[in-house]
Structure formats: C-alpha cells, structure tokens
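For clarity, chains are labelled A, B, C and D in written order, and residue numbers in each chain start from 1.
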Amino acid sequence: MLNDVNGGQSDIRKKLENIVEGAVFSGIIQFLILASAVAFVLETEESFDKYETHFHIIDWGFFVLFTAEYILRIYTAPVKKDFIFSFFGIVDLLAILPSLVLIPGFRVLRVLRFLRVFRIFKATRFILAVDRMIDALGEVKRELLALVILSALFVYLAACGIYFFERGTQEEAFGSIPDAMWWAIVTLTTIGYGDVYPMTTGGKIFTAFVALVGVGLIAIPSGLLASVLTKARVEEELSEEDEK
Amino acid sequence: MLNDVNGGQSDIRKKLENIVEGAVFSGIIQFLILASAVAFVLETEESFDKYETHFHIIDWGFFVLFTAEYILRIYTAPVKKDFIFSFFGIVDLLAILPSLVLIPGFRVLRVLRFLRVFRIFKATRFILAVDRMIDALGEVKRELLALVILSALFVYLAACGIYFFERGTQEEAFGSIPDAMWWAIVTLTTIGYGDVYPMTTGGKIFTAFVALVGVGLIAIPSGLLASVLTKARVEEELSEEDEK
Amino acid sequence: MLNDVNGGQSDIRKKLENIVEGAVFSGIIQFLILASAVAFVLETEESFDKYETHFHIIDWGFFVLFTAEYILRIYTAPVKKDFIFSFFGIVDLLAILPSLVLIPGFRVLRVLRFLRVFRIFKATRFILAVDRMIDALGEVKRELLALVILSALFVYLAACGIYFFERGTQEEAFGSIPDAMWWAIVTLTTIGYGDVYPMTTGGKIFTAFVALVGVGLIAIPSGLLASVLTKARVEEELSEEDEK
Amino acid sequence: MLNDVNGGQSDIRKKLENIVEGAVFSGIIQFLILASAVAFVLETEESFDKYETHFHIIDWGFFVLFTAEYILRIYTAPVKKDFIFSFFGIVDLLAILPSLVLIPGFRVLRVLRFLRVFRIFKATRFILAVDRMIDALGEVKRELLALVILSALFVYLAACGIYFFERGTQEEAFGSIPDAMWWAIVTLTTIGYGDVYPMTTGGKIFTAFVALVGVGLIAIPSGLLASVLTKARVEEELSEEDEK
C-alpha cells in the first residue's frame, strides 16, 4: 500500500514534470522572465518614482511566482540534488533568495534579480543555431585563448609605451600604467570615447602604430570564425554529396 | 460591340503596361525619385529658406508627376487590388497622400514623402547581386536571430553592471538602467561618442571586459556571412566542374 | 644616311628606354617621390617656417629632377601620345606644371604636387599581391556597387529619422537633413567623434536600431571579400591537385 | 681525471638544463614574470606611493631572482654564445642590466624591466594555435605588406585633402599635414576620439568619402585572414579524407 502511495505520488511528479518541461509552461516562464527584466529596468527610472508602490507589488508578485516555480522544479526533478546544484538551479536561487532578506543593509542584494535573465539561455540552448556557433567556437578555443593572451600582452605594452610618452604632459589621464591601460582598451577596441587621448607628438605617432596593430588584432576573431564556420558548411556539403 | 470596346481598352492597357514596366519609363521614375529625395533634403537646409516658393513649386510638380504615375500603375495593373495592397503600392500612396492634406496641423505628415526612396528597391530587386546576398542572409537567418537575442541579452547585462558601478558617481548619465543601456549600445557598437563613459575604477574594469566581448560579438556576423557566401561560391565552382 | 641617323637616334632611344624602365632608375624615382612627399608634408609644419628658403631650394631641385624625368619619359616612349595621355603621364604633368606658374594667385595650384605620390602605384602595379586583391574585388564589383547603393539609402533614411527626432531639441546639430547626414556617416562607420549625438529618448532608441544595422552593414564587405578570396585559394588548391 | 671532472660538470650541466627547460621551472618563471609585470604596473599608481619601500624590496627580489635565472641559463646553455645573442637572451639582459645602474640620471633605464613580458612568447611559442596563425599570416605577408603601403598612401592622401579643406577654419587642429595625419589615423581606424574633426561642409563631405573607404580598408585584413585560414582547414579536411 505504501508502494501504492509512492506510485501515486510518482505519477503526479511525472505528470508535473511533463508539464514543467513542456513548451507551454516554458513559454509562460520565458514571458515572465522578460516581464520581470522590463520591470527591473523601469523601476530604476527616476520618472517612475511615483509608481514605487506599484513596482513593490509587481516585485512581490514575481517573487511569489518564481518561488513557486523553483519549488515545483525541485519537486519534479528526478534527482533533486542535480537540479539544485546545476547552473540554472543556482541562478534561480540567487534570483529569489535576496528578496527574502529583510535586513535593510542587505536589501542591495536584491539587484541579483537581474541574474534571472540568464535563464533565457535555457531556451536558446535548444536552438540549433546557437549550438552550431558554440561548436564552431569550441573548435577554435585554443586560438581564441592565444588571442586573448596576445591582446592582454598588447594592452600591457601599449599602456607602458603611452605612459612613457604622455605622463609628463597629462598627469591626470596618464599618471600611472593602470590609467594608461584604460586608454589602451578604449583605443584598441576603436571605441575612442575621447576622455583620454595622446597630446604629445611622440604619443600620437605611438598611437598610430598601436591603432593599426589594433585594427589587425580585431580582424583575427572574425577571420578565425569565418574559417571554422566555412569548414563546417563545406563538410556538410561534401557529406551530402557523398550520400548522393 | 461592347466586347470590341473592352478589347480596345485592354489593348491600350496592355500597351501602357509594357511602357510602364519598360526600362525607359522605369529609368525616368528612378531619376525623379532621386531628384525628389534631393529636393526633400535641400528643403530642410536653412540657407535655402529664401527659395521657399521655388521648393513649393517643385514639390507640387513632383506631387502631380507621382500621382499621375500612381493612377497609371493602377490602371495598367492586371489585377488592381494586387498592386494597391502590395508593398510598393502602399509606399506610393503614403508618399503622395499626405501632400493632399490641407489642414495645417496635418502638414507634418508630408515628411512621409521620404518613404518614396524605398522604391529604389524595386530597381535593385532585379540586380542579381542583391538577390544573392539576401539568399545568403536567408540561409543564416536563424543564426542571425540568435545573435540578435544574445546581443540584446548582453546589452541588458552590460547596462545592469555599469549601473551598479557608476550610478553613485554619475547620477545623470547612469542614473537608471535605460540610461545605462544607451551607454551599452554606444560602447558595444564601438561608436563611443564620448557623451557617457565610466569614471570609477570598477566601471572601467567592467567596461574593458564588456568592450572585449563586444568586439568578439561584432566579429560573428562577418564570420557567418563569410562562411555562407563562401559555401555558395564553392558550390557554384563544384557544379561547374561536374558539368565539365 | 638619314636612315642611319634615325637608326642611331633610335638606338639611343632604345637604350634610354631600357634604362628608364629598368629597376635601378625606377628605384631612384620611387625614392625621390617619397622624399618629395616627405618634404611636402614637413613644409606645412609651422615649426619649420625658419627653413623656408631651404624648402624653396629643395622644391626647385625636385622640380628640375621630375621635369627632366618627364621629358626623358616622353623621349623614350615608343608612342609619345600614349604616354602623355596615360594616367601616369597626366599625373606627372599635373605634378610639375603648377610649379611653373609665377602668377601669385595661382601658386595655390602647387599643392597638386601631392598627386605625384599616385605614381607609387606604378611600382605596386607589378606586385602580384595587389593584382590578386584587385581581381578579387573585380569579381564582387556588382555586390560592392549594390552595397554602396544600400549604404547611401540607409544613410538617407537614418538622416531623415534622426532629423525627425532631434531637430526640436538640437537646432544646430540636427537643423537640416544634410546636417543629420553628417551624424549618420559618423555613426554608421562607428567613428563617433562626439560632436553630434542624439539627446532625446526617441533619438537614442532610433540610434540603437541604426547602430545595430550599421554594424551589420560593415560586416558585409568583410564577408564578401573573404568568400571571393577563399574561392580563389581553393581553386588554386584544386588545380594543383588535378595536376598531381 | 680531468676528463672525469669535465664529465661530472657536464653531467650537472645536463641535469640543470633538464630542470631549466622543464615544465615546472618554466611555470615558476612565467608566474614570476607576470608577478613582476603586475608589480611594475602598480608601482606607477600614485595611491601606492606610501608603499614605496615595499616595492623597492620587491624590485630587488625580482632582480636577484631573474639575475640568478639569467646566469643559470647561460651556464646550462649548450652553446653559450647562441643563448646570449638570441632574442630572449638580449631581452633577459635588457630587463636586468638597468637595475644595476646606480647613477641617478640613468635610473630611468629601469623602465626597460617591462620588456621582460616579451618572454611570455617563449611559452606561447610552443602553443600550436599561435604557430598556425603565424603560418597563416606568413602566407599572406605580401598582401599584408601591400595593404600597409596602400593604407599609408591613403593616410597621406586623406591628410592632404583635409588639410586643404580645414586649414582655413581650424588653424590649430589642421594647421599642417602632420597634424592632419593624426586626424586621418584616428578617423580611418574608426577610433574617433573627438579631439579633431572637420567643421567645414567641404571637409565633412570629404570625411564621408574617406570614412567609407576606411571601412572598406579595414574589411580587407579580416577577409584575407579568413581566406587563408579557411584554405588551411579545408586542406586538412581533404588530406584526412584522402587517408580514409
């Protein structure tokens, strides 16, 4: 009879699991995540300060809904531990938990709610397109790592160089190498905010050199990705031809 | 006899249709569209205010010409409804109609004239090159959609992050997440106007990270396009070889 | 006897032609062109104003040398007309002629000397690498033309849009569509000087959309070029394999 | 017996060489290089001025360690000259030597310590990924050289052009061609700091043209790299298929 009860419970769990993992439930949750993200964004807008109480109620609504979902997911998970300590399980907990904190000083943790948006990946994970791109990136991950190291090295050298040229003239903007690194990042990514730029002739010539190398560095990931994606497509093509 | 008249009308319609769809008529219309776009642009220039009456006459001339063309196109269309509710039929109407409005408050609708330029696509539609590019984009449309979602997600996360770092220091520029999103767009596209940029050390380190990921994100569409265009060209090549 | 003289003259012409077309003469001329370009650049520098007379002498030296070269090239050209009306013949003339003008008002034409640098192409013309790139560009010239038309159209639409959003707030920067086009160019190429940028919420949202499409547009030439260069390389590969 | 001693010494040298060339020693040195780079960066930070003596001690520590390593490397090198005059041998010396200089005026040479970071390449040299990229770059080195020449030519022509348009209006920013070259570099790399930008209508139209060509130029290295990397990957693919 105990077995029977377990069986009944297990049946309910099974049915609920099917619902939770189904497209309809998933779609509703996706919509709620987007809605909570929009609410989170608007809440920070000063012009909406007068609706503070409304936002408070909306926040509590989302808290209740997502807590219910979290409990449901634990209940329906075949192995509870696996869910709780999975990436999405932790994101879920981090996104709910801080709302519980009533100690004023820790209210700041509520900003962790924004983490919830990561769960969008759960949906996109099943989109074939993302998988293909991740596969492509995976194939060149050693090249990408080498590129990151080279870029870091180049930022360091560019910062040392500009520090040498500009520290005498611009005490504030290039007064230390960490300051110069900010310039290096802004220049090499070609953002160029305009808050820091070289003013000495030497610094300008050095920047010309750095900028040209930077443009070359930026070309590398694009070229790498093109090569690996092309290979994947040509492979598909060839295997299709072989089948014929 | 009635049949005869219809036949005669149909003949005229047929002849006119051939003229309207012909290269000469199409070329003239293309030229008029460009001319009206140039007139529209110059009209807004303050230094041409003294020629206001001239522009007024030119506008009326274009209005008469394009209205005549619109009526002609309806008349010559084999199925009138198909033309009126087609994309170009609606663009044509939206570009003429507002000029008719005499009520002063609605004169602002006349800016819709700029829509006329969309009709350039009618000509380019037949250029093989554009077709090939659209085909290529069509093949990676799921990847592009995934990329747009990922970018939107990244803009959201970058805005949340910089809001956390900078709101204390720069109340005006980073006072809310929508404000921070403006920064995220300007930074991730590497435009970097310089109206908003981080000032705290934390914000700068965060920006360095965001900028590097941003440069990587920008590399993806270029790589995707390269792969799909290369595949198309290699396919052509192989099929040419097979024919030999 | 007259024939003999002609033969002798022809011999000298032939020998001179061999010298003029040879690698040594060509190398010296290349060096002189670079030197005259450097002199032209430095001459404009205010801090070198005290060396004005030196620059004057250098200019005259270059004038004499390049005039001598021009006469020599005409003399040694198998068909004189062909050289005089060739691209490099005209560049040569335009680069020398203005120096002769003694009328003060026309001295400004001397800036045409900078055209001389185009002759560097004469050397690079024979570099295989440039030829290969020009071949590749030639193969996609219709796509590139379509891209230029699309970009121009997009600049027009972006300018019309931002003019609608910003003209009320920023009378000076967005007061007319030509002004707005300047913004559109600076934004779509991701330069972002920071002299003009949207300030209204509507303008910022519109810019976000424009910037994202702009980043996509920039990805197209890179992808096109990659595809056509890859095809050229794979073709080479295949033909090499066939030979084996 | 002398032979024996030499044999013994040689044995020790051999053993030490194995240790020096081993993964553990190499890892420790890599870590020390990174640590010394971080120390070098932080030392310039004004807020750490109070820890000056600590940094002094740390510097001496690194000096002793790297000097010991340098002596060890010379001792264990099979052919001493080869190491001393190798790239890494010279970098090692340049990074240590200046610390010895006690004459105050030459203390500035101590900045050469930053060169030490180049030794990171020693480790990455063995990473296959970098080798593959260098191979790819080597195959298009003639195209890249042609591209550098074309870019330099374009910077020159852009600078001459903007100088012509803007020198009358902006005496300070475009007062000479070298000044205009700074603008050309900042614009063509799409950095756009915003310190210099055209203000005349002619200058703006010229900039629009220059910027569009600049965006095209930037697309070339990415396309080149994609083509050569793709070829390498397709080759691998084909040779794998042949083996089957």
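Note that in this section a contact is a pair of C-beta atoms (placed from the backbone, for glycine too) under 8 Å apart; a residue touches a chain by one contact, two chains touch by 3 or more.
The shown structure was predicted, so the numbers you read here are calculated from the model rather than taken from an experiment.
Asks: Interface check for copies chain A and chain D. Shared numbers divided by all numbers used: above half gives same, below half gives different; which is it?
Replies: different
Asks: Compare the CA centroid of chain A with every other chain's and tell me the farthest one.
Replies: Relative to chain A, the chain whose C-alpha centre sits farthest away is C.
Asks: Kindly point out which of B-D, A-C or C-D repeats the B-C interface, defined as over half of the contact pairs being the same residue numbers.
Replies: More than half of its contact pairs match B-C, so it is C-D.
Asks: Please compute the angle of the rotation superposing chain C on chain D (C-alpha atoms), rounded to a multiple of 5 degrees.
Replies: 90
Asks: Hey, which pair has more contacts between C-betas, A-C or A-B?
Replies: The comparison resolves to A-B.
Asks: Centre to centre, by mean C-alpha position, how many angstrom separate chain A and chain B?
Replies: Each chain reduced to its C-alpha mean, chain A and chain B end up 31 Å apart.
Asks: Could you grab the centroid distance between chain A and chain C? Build each centroid from C-alpha atoms only and quote it in angstrom.
Replies: 43
Asks: What residues in chain D touch two or more of the other chains?
Replies: Within chain D, residues 178, 181, 190-194, 218, 222-224, 226, 230, 234 contact more than one other chain.
Asks: Flag every residue of chain A that touches chain B in the complex, lowest number first.
Replies: 37, 40-42, 44-46, 111, 114, 117, 120, 124, 127-130, 132-133, 148, 151, 178, 181-182, 185-186, 189-195, 218, 221-226, 229-230, 232-234, 237, 241
Asks: Provide the residue numbers of chain C that touch chain A in the complex, in ascending order.
Replies: Going by the criterion above, the answer is residues 190-194, 222-223, 226, 230.
Asks: Which bits of chain D are touching chain C when the two form their complex?
Replies: 142-143, 145-146, 149-150, 153, 156-157, 159-160, 163-164, 175-178, 181, 187, 190-194, 197, 201, 204, 207-208, 211-212, 214-216, 218-220, 222-224, 226-228, 230-231, 234-235, 238
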